[in-house]
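Next come the structures, one after another.
Consider the two complexes below, in which chain A is the common component and chain B and chain C are the respective partners.
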Partner chain A sequence: MIYEVFARKDHHQELKHVGSVDAADDELAKVYAWALYDEESWVEMCVVPRSAIIPVTEHGRVPVWGN
Partner chain B sequence: MVEIASGESLNAACRAALKNLLSAIADTKLLLGYHYGEWTFGTPVLEASIANCSLSQTELGHVRLLHGILKSHFDEDPERLLESRPPREMAGVEFLDRELPDWAAVVAATLVVDGALTLALHSMRESAFLPVRNVVDKMLEEERYHAHHGRGWFRALAGRGEAPRSTLKERVEAALRSVEIWWGPEGEPEDALLVSEGIKSRSNSELASQLRRDLAELAAACGVELELEGTAQFDGWDPRTRRRGDSSVNEEILYHMRGSKNQIFKLT
Partner chain C sequence: MTAVKDLTADQAERALIEKIQAGFTVESEEDMTPGYKKALLTQLTVQGDTELMSGPAYYLAARDAPTINSRIAVIAIVHDELGHANIAYRLMEDLGVDKRWLIYGREPHEFKHPYGFDQPLENWAEMVVANGFFDRAGICLLSDVHENTSYGPLRRALVKVDREEILHLRHGESWMRRLAKAGGEAREALQRAVDWMFPMTLEWFGLPDHLKRHSDQLVYRLKGKTNDQLRQTWMAATVPLCESIGIKVPAHYDAAKGEYVIDYPFPCQYDPEAKRWLFDEPITWDQVFERWKARGPMNQRYVEMIQGKADGLFGGRRW
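Let's turn to the complex of A and B:
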């Protein structure tokens, strides 16, 4: 299962997308995110299953107001 | 609460006991670091390789911290600990004496051996001995991810069918038998002294029970039946090596672990 990884460097910044990991479950996703994206001293990091993300726009298409 | 700031302030028996315990934790962490490093390649998925690489780094970092304490407070020479001790003097968990034969063995080492060390460290969070208390939380914070990795892979392998599940069961039980010996017999005098002096909050027997409970809970949730009851024999058990008999770490592993083969390149 693919998980998207989000993190922030300090409490004043917003969470930003830093990458993704492929893991069998939430617990392994946490380890892999910690191990793969350790280039910064993050104050917060979290993972979200890609399947839990609700798309607002169709992939690759600019949304048209009123659709 | 009594606070002890230096090794010299400990009474002689307590100092010897704590030196043995810290050396044994450092030796096991050194071997864990080696095995995790070896298993940077050959894992079932690339993410696990990268995780093992990180786990190896943190174990070696912990060895460095513990060797620093052993040097400053127990007159121990880290160079000797790393490079020149005979294998028979090392006090690592026996499960790590040989190459880990498969991924299930790595998972067992992470879950059981690494988990046992984490429990031992946790018992020193409020230690009267400040040099240890001051570094324990940092180590425990990093160990959190080691625990996730062990538990996550146990669950994953337990759900993969009969062959991986039975190998996993075999490796975890072997690791646990090895750890039971490393904890030592119930009421072991050095351990009892460390508890009574406030260096540790719980005895090794209590920590062993905690480990068995944690494993039982995880195994039950995954539908794995583990044989968890201890059958360890302790005749001739030595608190310095935390084992009985003449077993010791494989010489080839020591050779690869040590820098003595690169002595001529050493920067002094």
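Let's turn to the complex of A and C:
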């Protein structure tokens, strides 16, 4: 399953999309995201199953997140 | 430029190329033509494979690190490189390519990384020159893609990659300065590494522009600079660095021409066993492609390190 990865650099900044991982379950998705997107000392990181994202714009009919 | 002609002959291809020229960002497979998708997948394969194969090369070289901290630094670089490979392959998965096949399903000679990553890095000097030269080449290529690519997901993915590659480069260049300053054997080892790795990286950028047969990647704005422009960008960084630390390189800046000039017949033959360029044996680019296609001495070993050895304890290519 594909999970989109979001992270926040510090408390004053927005949560931003930093990439995606392919994982068998939520626990592995957390581990992959933390190990792979380690370019910053994030104060917050979360993963969202891509299938849970509800597109609003027309372009979002297919995922355009990529990485 | 036959490939370009073929593309523009097709109505849909021409429409997409015009849209891209007007600033359109491609976001999903729906936006793509078959030609665009093929060119993008080729680019991502080379990018991912290059990152992946730097891993085993650097890992083996890390054994020669002079201190525990410098060894940890290289292992951290290997970690980054594997992450970068994953990013390219992850993008390819969204275009229907199987990542397991990419990593485990291909034979060693089917990977698309440059010939430079088929070579053994046998000492610390070679390790840090790889960071200083190969990672510099990676930065030249990828920062151009980052600035120019028409593919939105790749542009965003490269933010992380660019940042980390700059750290690798800093590691390489600061160690090159250090070894040069140390003098003696350290300095000699550095010069020997530069002697084979400088021409190796020049060749990496590929066919000179006057021989370039197709430029799908430029037509679809998957990159911005030509091979020769990228080679110049690389030399503009590496030649002054080497000159400043008293290390000789076979290239110099020609003020009259306003560009860097290579001081040997380019391309020429290479002896991978002796790690020596035969400047008295000029060859054609077709011969270079033959040499690349035959792969270098470490190709099999590096791929086995990634995939597992076929007849090893745990078997190989399990997928």
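One rule holds in what follows: the second predicted complex is superposed on the first by the 59 of 67 C-alpha atoms of A that agree within 3 Å, B and C clash if a C-alpha of one lies under 4 Å from a C-alpha of the other, contacts with A are read in each partner's own complex, and residues count from 1 in each chain.
Keep in mind that, in the parts below, a residue touches a chain if its C-beta (ideal position, glycine included) is under 8 Å from a C-beta of that chain, and two chains touch if they have at least 3 such contacts.
Fair warning: this is a prediction, and the values are worked out from it, not measured in the lab.
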item	value
Contacts of A:L28 with chain B and chain C, given as first, second, both or neither	first
Touching partner for A:E39 - first (chain B), second (chain C), both, neither	second
Contacts of A:V18 with chain B and chain C, given as first, second, both or neither	second
More chain A residues in contact [chain B versus chain C]	C
Touching both chain C and chain B, counted on chain A across the two superposed complexes	21-22, 35-36, 38
Chain C - residues contacting chain A, complex	27-30, 83, 86-87, 90-91, 93-94, 99, 152-154, 156-157, 160, 163-164
Sites on chain A touched by chain C in the complex	2, 17-22, 35-39, 59, 62-67
Chain A partner contacts - residues on chain B that touch it in the complex	45, 47-48, 50-51, 53-55, 145, 148-149, 151-153, 155-156
In the complex, chain A residues that touch chain B	21-25, 27-28, 30-32, 34-36, 38
